[in-house]
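Two complexes, one shared chain (chain A), two partners (chain B, chain C).
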Partner chain A sequence: MYRRALTWLLRQTLKLDVSINRVYPTDWNPLYYTGGLSHFFLFVLVISGILLLFYYVASLDGAYASVRYLTEQVPYGFILRGIHRYAADGFIIAVLLHLFRNWFTDRYLFARDGPWISGMFLLILGGFIGINGYQMVWDQRAQAITEIFVAILQSIPLAGAALVRLFLGSEGISGAMLPRILFLHVGTASFLYMLLWWHYVRIRHPKIWPPATWVLALLGLVILLSALPGTRPTAGAAAQPGVPVTSYPLDVFFLLPFWLVSYLPPIVVGVGLTVLLLLGYVIPYLQREEEPQMGVRHAGIAQVIDGNCTGCELCYYDCPYDAIVMVPSPHPGLTKAAANRKLLAAVMDSRCVECGICIGACPFEALELPKFLEADLTRRIAEAIQAQPATA
Partner chain B sequence: MKVIGFVCDWAVSTEALLDAQGRLLAHPSVHVVRIPCSGFMRPDWLEESLRAGADGTFVTGCPYGDCLNREGNYLMRDRVEQLARRLQRRRVDPARVAMFAHGLHDRQAFLEEVGAFLRRLESLPQPAAPAARPAVRAAAPEASE
Partner chain C sequence: MGSQRLYLLAVVALAGGSLLLAALIILGELRDDSALGGGALGAILVAYGLIVLCLRKMGLIGPRRAEGK
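And now, the complex of A and B:
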């Protein structure tokens, strides 16, 4: 069931690609740069966030006034605020596209679970930062979000009350809260970059920036959305703790769980969200195909043939996953190649995805995939040559 | 005419296109060999296929920018270009080697490009036997029928 659904989704994803590639050259297909787009939006968020920090006052009385001052008094302040807000939406859209695309196209197999797991952490923390961002404004929406979030925390058995205290800084909403939220917003955002290091660590030449056309177009779109009268960010009504909030504008990309709370008890929403996110961590370990079905796709971890390796580093430069390291050649060696080399290639099993790119890079026949040897390939070439000529 | 096509297992799906011997139904002179990634091909093996008697050979990877293994198709494109220069030095027409990029469901585009490649091979002059000891033997005339 899961496998058939994924196969269908893979088909649809690639069909979408084909239709996009009819419009753009493949180098510009935005779906080939979902990771780069996320990183671009994160960069915009950091820059605009630093500028917003100059105006923000993290206190119950000052927060709303400072945001309102920025929006209404500072020249182009609403654009600055809008950039931060719409880039955050763009970030979540790009991250979700990145997640689903890599899921549907099988890009998490074998040693590629590291980027997947770090990506799940990035997604969860990204969503958390976004919710914090809405709290910082401290208008009616912020109040509603805080109350619902506290209700979800409270519904956790045993630890609930302690977590609420930790989050708010006191028993109820007080002046201790907003400085904490400011730290959670900025500190967690800085932590994203440590996770990004983990996300990129095994990837050689990661595509972290989309083509210039898309950078300019998306930057223009974000600025347009923040400047147009209909979509520009406005100051809502100020929060009044104690007075229940009846309605607030909803941002579907961050606040969907909060909308659900109006229909379901907080514990159900909390548990549902947790289960959903935990399932995300399991995805790389559910394989779509059984081992025998995978055939050449699962050809085994590349092996270095010691006697043939000359230490030329070509495989080291070509491996897209940094799975090959050059180590000092350990002994004089029995072959001519081994005697004259300074370095020896070594494959790190935990990083190899069995693609065989190093085999193509090696002109000295010093690498092999154990289940698809050079001998297998040359035999197939010979079979193809010897096969009866076709009727044509 | 005999052509060997090395097709990445993640790129264009050829299951519906092949007969029992692994030949393309639409172009029976083309034998398809599935490989783990287009970057798996060592350029030597393309040269070896020509030496063994193939009239042409090509590699098919995923669309550029969308290689499942991130860079395999770009690397292979570069290697095929480098191989072309090497073949020229050995008096083999580099037009006999090609690199294609087609996604899983681009069967029609793949077949069209293979057809164009076959027409290109037909229009090439028969390789002349070089006077000196050949680095790469030209295809034997009887094998080319």
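And now, the complex of A and C:
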């Protein structure tokens, strides 16, 4: 059932690609750059966040006043806030598109579980940073989500009170809270770049930046949304701890769990979110059973035929799993082409997924899958052709 | 050739619109109106993005320059 659903989703994803490719050049299809778009929005967030920090005062008395001053008094201050806010929304949209696209197109199996796991951490921490950002404004929305956040944490048996102290610095709303939230916001955002390193380290050709048309258009859109009267960020009413907040504007990309608390007990929302996120982590391991292809289940780790390798690096560049490294050649190769080589390809066993891409990349027959040799393949094809009934 | 002309017209129209938006940025500065200046700045970037896309579709920029021919 799960596998059939994924197959259907893969077909729909590819159909969507084809539709978009009719409008955009194929190498500018935005769906091919969901990772790059996420990175672009993260970059905008970091730059605008650094500028916002110059004005922000992290205290219960000063936070709201500083945000209001920035919004109403500083030239283009509200646009700066808007850029930070809409780039955050863009980041979450791009990350979710990236997640679903890679899920539906099976780009999380075998050696790609590392990028998937690090990507899940990036999504969770991105959401956490977004919630912190709304708290930092310290208006009535910030007060409401802080109270709900505390309620969700306190509903956790045994560890609830400790978690509240960890995230807020005290048992509830206090003067120690906003400096800690600022640290969590900025510190965790910095940590995202460490996770990005983990995310990229095993990908041979990561697309970390979108094409110019998307950079210009999306940056323009973010600025435009920040300036338009209906979508411009405004300073709401200041927080008043102790006075219940009856309503607040909702950002569906970050604050949906807080809306759910209006209808469900905090413990249910907390457990539901935790289960959902844990399911996200196990996705790469749900379909480990392998289907034999042409009767071969395990082709074996790719092996370099030392005498034939010329050190040309084609396999090194083509391996999508970063499983081939080039090492200084200890001795010349046997063939004429390999006689003067400087480098020799070496396969890292732990990274090889036995896909055979390197064999296609090598023009010198210097790589092989030990249980799936070219001679065997040729023989199987010949047998298959012979087994076919003759047609007129 | 028809689509080339269409893209060319789009580039000319977007460039003209961008000129107008640039004037609005200056006007926003003169009136001390951040919303006008900022909005025009955002719109001009969107227009530039579309111009780049049209140039790409025409085959004038990008890795596959012959695509538009």
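Simple rule for what comes next: the second predicted complex is superposed on the first by the 334 of 392 C-alpha atoms of A that agree within 3 Å, B and C clash if a C-alpha of one lies under 4 Å from a C-alpha of the other, contacts with A are read in each partner's own complex, and residues count from 1 in each chain.
We adopt the following convention: a contact is a pair of C-beta atoms (placed from the backbone, for glycine too) under 8 Å apart; a residue touches a chain by one contact, two chains touch by 3 or more.
All of these numbers come straight from a predicted model, not from anything done at the bench.
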Between chain B and chain C, whom does A:Ile223 touch in the aligned arrangement: first, second, both, or neither? second
Could you say whether A:Gly356 touches chain B, chain C, both of them, or neither, answering first, second, both or neither? first
Could you say whether A:Pro328 touches chain B, chain C, both of them, or neither, answering first, second, both or neither? neither
For A:Pro157, select first, second, both or neither according to whether it touches chain B, chain C, the two together, or no partner. neither
I'd like to know which partner A:Asp27 touches here: chain B for first, chain C for second, both or neither. both
If we overlay the two complexes on their shared chain A, which of chain B and chain C does A:Pro244 touch? Say first, second, both or neither. neither
Residues on chain A in contact with chain B in one complex and with chain C in the other? 27
Where on chain C is chain A touching in the complex? 32, 34-39, 41-50, 52-53, 56-57, 62-64, 67
Mind listing the chain A positions that touch chain B in their complex? 10-11, 14-15, 17-18, 21, 26-27, 29, 32, 105-107, 203-205, 295-297, 299, 318, 320-321, 353-357, 359-363, 369, 372, 374, 377-378, 380-382, 384-385, 387-392
For chain A, which residues are in contact with chain C within the complex? 24-25, 27-28, 75-79, 212-229, 232
Applying the document's contact rule, which stretches of chain B touch chain A when the two form their complex? 1-2, 4, 9-10, 21-23, 27-29, 31, 33-37, 39-45, 48-49, 52-54, 63-66, 68-72, 75-76, 79, 103-106, 143, 145
